[in-house]
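So that we are looking at the same thing, I have put the structure below in structure tokens.
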């Protein structure tokens, strides 16, 4: 390949950032008839959109501190439940206070909810335990709220998939902006690089939207804009091997570590911590964080002490800076802002930042309104009325979906590649064919992002090898690079496994290492790569 | 309705049914001891079939395992193999492979240099002794011979294509093909099922017939490890004759044949060799008395109580149940033997999975004196007639060092030697 | 068999929590697949033991509650035997069976269980107590008339205080009464003080196979009461597998009181041979016919363990000659279920049952044996059936047939389970 050959793409709008907001903007604009190119320096949901609970907030969590955000969550949550039901488990939630928690805070909770417009039903301790048998004795207050859970990966895949079906809108993974070409206050192009091949890419567009989440301040600065100022709040979460509760369980107190347990289909997610960090890159869960979250969580749900955890992960919340927020990310504004950057001297560049996963649609709508107006497009936003469709290649992130599909079709020749989550060849085939990014070189990691591969108890120990074999069989891999990608995948998985390595996870980890070193020689190959595979 | 408790006596009770446990029983029998062995399925099931002595030292692949052992003694004096001489280790190793050969699974004897054992991804690993069914592959790779590697429809995780692609640069005369295994159309197949089927002549003939038209001048044919379960050498010979080329096996991802083969081989041969073997029962409890130990086991219908003059612990690590951990510390499962360890689990694993230094947790385990008796915090043996061998021992990282079999066999050899001496 | 409704859907994770010990439950699974690889039911209906666990983890309770696979799993416990964590999927399968609506369960199993509950005889073939007694008495009379050497043979029924009480598979009294005679002759030969029980005599328990715990308990209780009443030292289970497991495990599971020991006939064959009471040898096997033996899962892996396998081999080797005995591989506690157990034979799923039995067939063919000895009726029927289906040239026979053959007391009409090669060997004088 000629490294000097610069690839050039053109679109009406370049959207930077393949998370919920960016993909939401892409879909919003596509529904207005505007063609977008969506890029991400990694792949979809690489930032906070993939590093969260998957909690579709009723707003109860913010009712005491930030009524406006709480109300926004409530409204947006209802819209998503109506328009994207396949991405949502409307399981409900409870807020519970246990012995030692602040009685007065608990007593004020219904009033806070009322102000924010959140339905809140008081429960007796017995009623709470009937809903959630895992709750302990000694609950001092409990309320039911309309919390739900959402599959952040499915939402983002569906956003992109829907946009791509509207017009020529496209998604390019592994594409990082390095500079903007700006002439007289107008951004002409984004100078990008393919992070895998190192090739330069130029993207020309009429409008540029920076929706890069925790990286929005950095991207804005590339365009010379100094008005975006973010606080990086690292949150760590634990994933259990099975679903612990029926619905969302929140600790009824001011937000702190380990006080939300959210079902994620067949698993549960416990979190979260909030630690301010300097840099959104390179965050990983630590053992002290995990221990603290678990200790706090077990105070609310003692069963967590006997629960097998398979993984921990961290995300970085991009929070808008406000007074007092430097010290405590939880006090920062959970709202969002749209920067038109006109006071920075730019006419066709905007940044949408802050906010929450629950409010991504609204953020996209506001950004879409601005871009449409700038392009002279009079079409209104449709994401508040148009249901999010379900694409065949996009439904594999739902826990159990691949398993049920495989079981129902009962095709004995359709081999299962990931046994824990029962993901079969057929599911991998549809992803290779039709999922966003499919036209690109699809690696094990990319397939795993678009499915449940690597997410079960073995955390990729077996399926990494089986899927890699299959990708060689299919000719997707045709060089030793496939083995390097496999090593990268298991190393990435390991970062999340390491902090939860004890108990039942120890035999699993030992088996993984026996396979990866003894049978796949990954440690020796990594050594040849140059040390740790970095 | 249980039948009450059955009581047996033995000189040496071997706890654990991995390579170390089976090697210990073999050596103990050879030393004339009365042996009883107990345990349950464990990590042996996951072996490639290769027997490593020492393939990696100082983070480098070593071609001469004996020289590597010399370096090991210098660099890692606490490594369980460091206290043993090369001659002892060689005697143990050959004793074990010879015994395996007599039981029906031929292995190459320990040579001067490590062999390049083929792995399914199309790479090789340093190992000392390989099953006869895998030997031709090593020659084929060394000579770059015209070779055909075959995989099968419905077999998970083994890709002849991947093998070919990754070896391509080093082995240009390698080709791959896919077949439907005779009688296994349109279904998932486990290597174990293919191996068992290949024990019948009808399947041998049908498979040979399917392979012959694909040869196209190939001198060697490689297959996933499926050449029979309990008589692999006979299956190999017959298939080679039927196809007319040299055949070899390549290890596969578990559930794989080589581990099952070893386990069934031991389970078949041990009763004939005079060892009492209970491969189904985990020891629940051990109590030490004046003259030895009492082991308690719970079978489905009856309990078993074993009076043993000496005990050899070869219970492996986490996967085999010899060690366990909670959120804060590791412990030895059966006797709560002391495990010297850092405070908290922060130090157990390194930040990078494939860090060439390996994870410190792998080097934690049971510490022993020079006669393989577990020692307490004071450095004295926990019991005069308690010995330990294999992966449960501290100061080794067998998976990274490619020394799993060597460790198991050599320490079992020396531990049984010490046990024999202690028993007078 | 049809899919059934949600109300019969179990929460399998809860079932696992209730039935499996901590450390050997679904949460301990490392996903290695050794269980699936070693299970002959793997692949049937798309299922295998690992998948059962994973589907429970994935909340696929409806699928698990309705998959007919639970009737193809014979609950042989080979998965638990192989699993490094000891996870016993067969217990979950039992619970799944129990939750099926009776009308959807395989009718053959349900009918047999219903027949067993008709009266206290507990016969799956619906043979009432008085009929059993009558058939035994008639058969004894015929035997005495036909063979003068057994003119004094006694077949006691309900003899209180006998040393042994022995059960009887219904197949013989119901369809081939003359096949009871070899066992009687052996018991007579060794001078055993034994009796049948007119109640609870039958050696089958389809109620256990239905997954209906109440029915299982009911069946065991009837038998235990009958045996208790006879005040015999030892209950000997005849050449049958599950009737042994069902009784001792049922007594354990349901906390019943028993005043007797439970033993297998195989154990006593071995003991009597060692004691010289049963002077069998292999002199009759002049043609060096080769024999292999099936270790019944219910007797070996699920009950007594390798001790029973050792006894079985001792008996067989003595009978056929050490050099004429070839073990199947794997064997003993690691043996494969033949596919006749767990009610599979009566479940009406011949295609799946034979696919399951193919592995057993291959094992047998690999031994190149002429005869397969099966100290279990279900093994006998299944191995015979797959032999016929896949074109095997072996003959399946009981131990008692060979024992009597060796002793020269096997009558001409007791040879239906011998091949033509043995039809005329060692015929008793004067017959």
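All chains are identified by letter, namely A, B and C, in their written order; residue positions are counted from 1 within each chain.
Just so we're on the same page, a contact is a pair of C-beta atoms (placed from the backbone, for glycine too) under 8 Å apart; a residue touches a chain by one contact, two chains touch by 3 or more.
Computed from a prediction, not measured in an experiment: that's the story for all the values here.
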Each chain counted as touching subunit A and subunit C at once: B
Chain separated most widely from subunit B, comparing mean CA positions: A
Chain nearest the overall Cα centroid: B
Chain centre separation (subunit A, subunit C; CA means) in Å: 55
CA centroid of subunit B to CA centroid of subunit C, Å: 35
Inter-chain centre distance, subunit A versus subunit B - centres from mean C-alpha coordinates, in Å: 42
Contacts with two or more other chains, residues of subunit B listed in rising order: 43, 46, 187-188, 254, 319
For subunit C, residues contacting two or more additional chains: 30, 32-33, 43, 84
Junction residues of subunit A - those touching two or more other chains: 412, 416, 462, 507, 511
List of subunit A residues in touch with subunit C within their complex: 241-243, 265-266, 308, 399-400, 403-404, 406-407, 410, 412, 416, 419-422, 456-458, 461-462, 504, 507-508, 511
Touching residues (chain side subunit A, partner subunit B) in the complex: 284, 287-288, 291, 294, 412-413, 415-417, 462, 465-466, 468-470, 472-473, 475, 477-480, 482-483, 487, 490-491, 494-495, 498, 501-503, 506-507, 509-511, 513-527, 531-534
Residues of subunit B defined as touching subunit A within the complex: 43, 46-48, 56, 59, 61, 119-125, 153-154, 156-159, 161-162, 165-166, 186-188, 251, 253-254, 317-319, 323-328, 344-346, 348-349, 351-356, 358-359, 362, 399-400, 402, 404
Complex contacts: residues of subunit C adjacent to subunit A: 13, 26-33, 43, 45-46, 50-51, 54-55, 57-60, 63, 84-85
Contact footprint of subunit C on subunit B as seen in their complex: 1-3, 6, 40-43, 45-46, 187-188, 190-193, 196-197, 199-200, 202-203, 229-230, 254-255, 260, 264, 267-268, 271, 277-282, 299-302, 319-321
